[in-house]
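Okay, so here's the structure we're looking at.
Naming follows writing order (A, B and C), and every chain is counted from residue 1.
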C-alpha cells in the first residue's frame, strides 16, 4: 500500500489540483473566479505531463558528457507549447469579461442571466 | 520529502485562491502558486518549463489579471440563498466523481520515475540521440521544439498572434486609444 | 522619483538579458518565448511606472501591431527558404551554409527571433488594450 502511494503521489496531487480547479469553474458565480479555476486546472494538467516525463536518476535534457540518463524531453516541449496557449486563452477570456462588464455592469453570472431573461421577455411581449 | 511539502503548498494556495472573496488577493495568491510551481518544475528537471512559468505564469499572467480587475470590480458578491447551496453540492459531487474515476485510472499506470514506461521508450531516445548527431543542438527541448516539431511551434505562434488580434478586435476603440 | 530613476537604469539590463535568452536557446534553458516575454516585461515595466501616455508615445500602436505579424512572417519565410533549397518545410539542415550543423543553428536562431518578436508585440498589445485608460 505504501509502495503504491509513494509511486503515484505526484499523479494524485495533480488530480487533486484538477478537482479544485474544476470546482472553481463549475460552482463559482464570479466570472473572473471561473478563469482562475481554469488556470489552476491547466497547471494541474501540466504537472501530470511533466511527472510522466521524469525518470529516476535522470538529469535535465541538456547535453552533458557525464550524463547517463536524461529525462524525457517530449512532455517538456508539449507543456512549453501549452503554457503559451494557456496565456492566450486567459487573455482572450479576460477581454471578453471586460466587454461583458461594459454591457451589463456586472461580472456575476446570475445577475447577467437575469438581465438577459428580462430582455428576452421584453422582445417577446 | 521536500517534494511532498511543495505539492502540499500548491494545494493550499489553490484552495485559498478559489475560496477567498477578494479577487485581488485571489490573483496575488495565484501568482505565488505559479512561483511554487516553478520550484516544483526545477525539482522535476524541467528547466525550460520552469523558465517559461516564471516569466509567463507568475509575471505576465498576473499583470493581465490585474489590468482586467482594474476595469471591472474587485469584490465577489456573496449569496446566501438555499437553492445555490444545492447547486454547489451538485458541483462538488460531479468533481468528486471525476476525481475518483481519474484516480482509478492511475492505478495501472507506470510508477513515478519508471524507466520502463512506454512514454520513454519509443520516441525519446531517438530525439535525444538525433539532436546531437543530426542537428548539433545541445538543448534537446529547443531542437524538438523548433526542428522536429516545427509545425507545432508555428501553429503556437499563430495561436498567440490570433489571441492578440482578438483582444484588439474586442477592446480597441476607433482612433487607436 | 526614485522608482523612475531605478526603472530607467534597470530596463537596459532586462533587455540585454532577454536578448541573451533568445540567442542562447540552443545551448541552455531559454528560447524565443521566454526571451520575448522578458523583453515585453521590460516595456510593461516602463508603462506601469511612467503611465500609458508616455508608453504609447515611445511605442506607437501601429509599430507594435506591425511587429506582431512580422514574427509569424519571419517564421514561415524560413520554412519556405528551406523548400527553395530542396528540403522539407522547416528542414533547416538543407539551408546553404558551410555544414548542416551550422545551418541548423542559424535556422533555429532565426525561428526563435521570429517567435520572440511576435510574443513581445502581443504581450505589449495585451497591456495597452486591457489596462484602464485613465488614472482616476
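Please note the rule applied: a contact is a pair of C-beta atoms (placed from the backbone, for glycine too) under 8 Å apart; a residue touches a chain by one contact, two chains touch by 3 or more.
Just so we're clear, the structure is a prediction, and the values are computed from it rather than from any experiment.
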item	value
Chain with minimal offset from the mean of all protein Cα atoms	B
Pair joined by the larger number of C-beta contacts - B-C, A-C	B-C
Inter-chain centre distance, chain A versus chain B - centres from mean C-alpha coordinates, in Å	5
Distance from the mean Cα position of chain C to that of chain B, given in whole angstrom	22
Euclidean distance of C-alpha centroids - chain A vs chain C, Å	25
Touching two or more other chains - residue numbers and ranges from chain C	28-29, 33, 119, 126, 129-130
Touching two or more other chains - residues of chain A	60, 62, 80, 84, 91, 94-95, 98
Shared-contact residues (touching 2 or more other chains) in chain B	47-48, 52, 56, 60, 64, 68, 71, 138-139, 141, 145, 153, 160, 163, 167, 171
Chain C-facing residues of chain B, complex	47-48, 50-52, 55-56, 59-60, 63-64, 67-68, 70-71, 134-139, 141-143, 145-147, 150-151, 153-154, 157-158, 160-161, 163-165, 167-168, 171-172, 176-177
Complex contacts: residues of chain C adjacent to chain A	28-29, 33, 119, 126, 129-130
Residues of chain A that touch chain C when the two form their complex	60, 62, 80, 84, 91, 94-95, 98
Chain B-facing residues of chain A, complex	4, 7-13, 15-24, 26-30, 32-33, 35-37, 39-40, 43, 46-47, 50-56, 58-63, 69-77, 79-81, 83-85, 87-92, 94-99, 101, 106-108, 110
Residues of chain B defined as touching chain A within the complex	3-4, 7, 10-11, 14-15, 17-18, 23, 26-27, 30, 33-34, 37, 40-41, 44-49, 52-53, 56-57, 60-61, 64-65, 68-69, 71-73, 76-77, 79, 84, 87-88, 91-92, 94-96, 98-99, 102-103, 106-107, 109, 111-115, 117, 119-120, 123-124, 127-128, 131-132, 138-141, 144-145, 149, 152-153, 156, 159-160, 162-163, 166-167, 170-171
